[in-house]
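First chain written, first letter: the chains are A, B, C, D and E, and each begins at residue 1.
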Amino acid sequence: MIPEDLTQSQFDTVYNLLSLVIASQLFTAVFLVLVLPRVLPRYRQALVIAAVVCGIAAYHYFRIFDSFKDAFVTDAVGGRGTYTQAEGASFNEGYRYVDWLLTVPLLLVELIAVLALARKVQTSLLWKLVPAATLMILLGYPGEISTSDNVRVLWGVLSTIPFIFILYVLFVELTKSLDRQPAQVRTLISRLRILLLASWLVYPIAYALPLLGISGADAWVLKQGGYSIADIAAKAVYALIIYRIARLKSYADDP
Amino acid sequence: MIPEDLTQSQFDTVYNLLSLVIASQLFTAVFLVLVLPRVLPRYRQALVIAAVVCGIAAYHYFRIFDSFKDAFVTDAVGGRGTYTQAEGASFNEGYRYVDWLLTVPLLLVELIAVLALARKVQTSLLWKLVPAATLMILLGYPGEISTSDNVRVLWGVLSTIPFIFILYVLFVELTKSLDRQPAQVRTLISRLRILLLASWLVYPIAYALPLLGISGADAWVLKQGGYSIADIAAKAVYALIIYRIARLKSYADDP
Amino acid sequence: MIPEDLTQSQFDTVYNLLSLVIASQLFTAVFLVLVLPRVLPRYRQALVIAAVVCGIAAYHYFRIFDSFKDAFVTDAVGGRGTYTQAEGASFNEGYRYVDWLLTVPLLLVELIAVLALARKVQTSLLWKLVPAATLMILLGYPGEISTSDNVRVLWGVLSTIPFIFILYVLFVELTKSLDRQPAQVRTLISRLRILLLASWLVYPIAYALPLLGISGADAWVLKQGGYSIADIAAKAVYALIIYRIARLKSYADDP
Amino acid sequence: MIPEDLTQSQFDTVYNLLSLVIASQLFTAVFLVLVLPRVLPRYRQALVIAAVVCGIAAYHYFRIFDSFKDAFVTDAVGGRGTYTQAEGASFNEGYRYVDWLLTVPLLLVELIAVLALARKVQTSLLWKLVPAATLMILLGYPGEISTSDNVRVLWGVLSTIPFIFILYVLFVELTKSLDRQPAQVRTLISRLRILLLASWLVYPIAYALPLLGISGADAWVLKQGGYSIADIAAKAVYALIIYRIARLKSYADDP
Amino acid sequence: MIPEDLTQSQFDTVYNLLSLVIASQLFTAVFLVLVLPRVLPRYRQALVIAAVVCGIAAYHYFRIFDSFKDAFVTDAVGGRGTYTQAEGASFNEGYRYVDWLLTVPLLLVELIAVLALARKVQTSLLWKLVPAATLMILLGYPGEISTSDNVRVLWGVLSTIPFIFILYVLFVELTKSLDRQPAQVRTLISRLRILLLASWLVYPIAYALPLLGISGADAWVLKQGGYSIADIAAKAVYALIIYRIARLKSYADDP
């Protein structure tokens, strides 16, 4: 699925987007660490996890960026030519699944942690969300690396089951536990869930693209762009809303 | 627009200026983090953002510096010869727009945050400034990468609309909210706005250069120099004035 | 024992697993440093050691990862071919023993430290566990680098003596000192010991593989995978349980 | 002025001295950050600036070191031969002026800050010292890069005017403000000024060497050595004396 | 004295030992910074210096490691062959003297600082130990780089004079000041001095090896190993004992 050739403008687009993700994730992590003392101790766990998630993403994007630079080369003066796949180097998409395996469960922990629910409710939610998230990623992987459409469909469907379960827990079960949250916080949590839904949907859609016969360099560039924007939304922007919630709740608890 | 050749002295000038920006931004960021405890908690948000902005700029200048070093090469002993564009490597100007997309809105947030205005006023100002800044950068980009003068003019004009709107908000609307600020702070804010105006104007002027037929290696070196100085003024010097304001207000609030 | 060739999929599997370990260890270390203030001072020593252990592991996996990348090369476009051993570069397995020499004793110190036992009991346990752990690693090394099966068996058996002694101290002696721990903590310590047992057993098993005639690229990839998972379990997951214990005990001591 | 050839021993001398400066500046910066809490808040500004100055110097010496390694090469086995200038790489002396532009004014700010004089006196001294220091460096640069002796003399003389002015302010004007300082502090400040004088004089002397016809590889190695020692004295040792003063004054203010 | 060839096993031994020193020094430094708040402020100066010493050593070992990797090369597949000296790269032993010049005086400061003696006694001891340590290293260097046995003997003897003086101060003079220390601390200080004596003796012995006609690859590998173990003992283990002393004294001062 990795294109044979990229035009300079395609190459530059992916190149700049990957660098944008590095900067966004890295400095969101730095920001979160620096503002940690600005929320009450009971909300810091959520912020620490958010910082760790963005840090892990920055690490993976550094690798993806280097992998991309090594994988596509040109001989043209000033780089003004067609970029082709290099000898001996591959663009490693595997980093994404490695990243998701670590960060997707943590994104859910982060959300539950900032709510500071009763310990029992919290434990029960986490025991549903974390295994489901891990399962979702693990089940998707064999489909991703397969070259057969049928295999892709099969594992994709299996992976969608925990995905839907996660959405159910977040949009139905969690709602019941939100009455005690201040009104402003409830609004923010709604927004957060919509952001989560919108950004997470990008991943199964990207997964389905080859099944829909959408391929070629343009589609591939679009997919990389989609991943980049979705990753910024699902981790960095998400973290900033978590911080906003933590600030509001800190103020509500100790005005 | 990237010149075919650079003399050694042109090469060295750009090289040293880019390195100067790295050092300035990186160590302003470090300085701000270290002095964070020296201002009252309510002004720390502004300083954290200022540090993050300078950190993001340092990151991008590390990339721009490496990109420049790879893009221009010579065979001359001791580097004492003409530098020409390398095969297979380009000088990536795209980093600048990626940088602006993240940092220009944050520079405005930083300013509003240090004033610690009433929450309502603050929210209303940010909802004007941040979208306008984002729009300004996004609208400028298609013009920047276009090779047609007409396209450049069109997007340049479109991008200038939010630019003028930002200046209006800063110089007219914001002024109304400054009565409660201590006198010394009002002076500093005036200086800050002049610095902002003077440094920000560099960017549309640099954008217009090719339209004015100003090109060639010398003009390009001048443009890189202009960007470098403007970036130091608009981020590092700006941040130090923000710090100064935060110190004065901390003292005024709790002498 | 290092295979002559790896298929691309074998190469990618090892590559991604090594990177997974880097991210896991590095960010567990970062996490532990950031949550340090969330436990009482008397439990911080344990967390600092846990962070140091994960940091040391991250350092060694950075090296192992680079060593692996240099040691296996291909000429195939897009890396889609067979990877063979490079000229002039070796995959250095030695890093693992260097790592263990430093981290295995520290893992035991970490465990004893979090229990905050009476000083006398603590000292007596450490004087048994730390020398035994050091001895176990030092005795295993000559067997590991030997090409003779007999030598391997001999040193393997010698190294197993302190290994069994460590298990005895942990599962028999330590148990006597656990009455004063809160109930929840006792459960966690049981889990921790099972995790320790399960993950530590991977190492002598991997050591024995060549004796059992299990070799070839597939076995080697499996061994690298086993090491990776065991290292994450024995250091990162282990550290998170230590943190959990420290939180519970902090709460029990000062609710 | 850069020599065509260096013997191995000349190469090694410069190499080791540059690395010595990196280690000295970097770890003085680290030390200052770590001891920050050991002085009263009112002296921390001085220490932060001192740390930033040493950090900036470390950054530039990393660059100078790499530039030196790339600029001189040999084919001899074990590097036991003559090092000659490489093709395509230059030893970039420009880093020094970039460094001075940032750090020389800050060294003076650091000194004034640690005295914690009355705000008015402080402002008046800084408005003299900082512009003079900046001017001194800027005026020296055109002479440094010129190949004409006359031009070198001219700009050298111009640059010496602010240099003498700085010395006047430090040794005459500042003295008047020192009565309120504790006796031990006055002694330290005297020593500090002598250190400053002795180390700063190295730079105009090095500047004058080519005018005195002193050139060749030996003179060049001596100059690099002189710069290295002077940089350690003027920044790292200087910073440690500043720290000493801050400690003494902290104790005097709050025994 | 650097051997022409190394067998793979000799190469690997040195390689792994150098990496072991990096990990030990780097993470001892990290550990010390993290436990800083666990001792009373009056003992933190000692810990900060200990951390800086280990940090400086880690920096130098990173350099020594890279220098070693560049200096010895092989063409053999999988690196399974003889390593010979590379063209154009040397193994730079000079880093060691640069390291000692900075760290050996600091090791003595570290020891005096943790004792928290009366200020007068402390100053008097430091004015003896620090200049003697600096002199010892400076006097040893001309002998180290000389190829003449006589010169080596001469400078070696001269360097031994301050060495013996240091031992005299530590073992005779210092003893008089130890009555006020708690008993446990006195025991630890005795151990510390023995560790110091045992590890420091390695350096003059290594210096004397060529005079004793001990040379060749095996001797060289042994020397590198000796330096590595001695450096870990003299800096990292030493620092951990200093920390232990600081903890005991903190407890004695404020139980």
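Basically, contacts are C-beta pairs under 8 Å (C-beta built on N, C-alpha and C of every residue); 3 or more make two chains touch, one makes a residue touch a chain.
As the structure is a computational prediction, the values presented were derived from the model and not from experiment.
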Chains touching both subunit A and subunit C, listed by label: none
Subunit B-subunit C separation of Cα centroids, rounded to whole Å: 47
Rounded Å distance, subunit D centre to subunit E centre (Cα mean): 29
Multi-partner residues of subunit A (each touching 2 or more other chains): none
Category of the chain touch graph - line, ring, star, complete, other: ring
Complete ring sequence of chains beginning with subunit A, oriented so that subunit C follows: A, C, E, D, B
Partner subunit C, residues of subunit A touching it in the complex: 2, 33, 36, 41, 44-45, 48-49, 51-52, 55-56, 59-60, 63, 71, 85-92, 94-95, 97-99, 101-102, 145
Residue ranges of subunit B in contact with subunit D within the complex: 8-9, 12, 15-16, 19-20, 22-24, 26-27, 30-31, 34-35, 37-38, 73-80
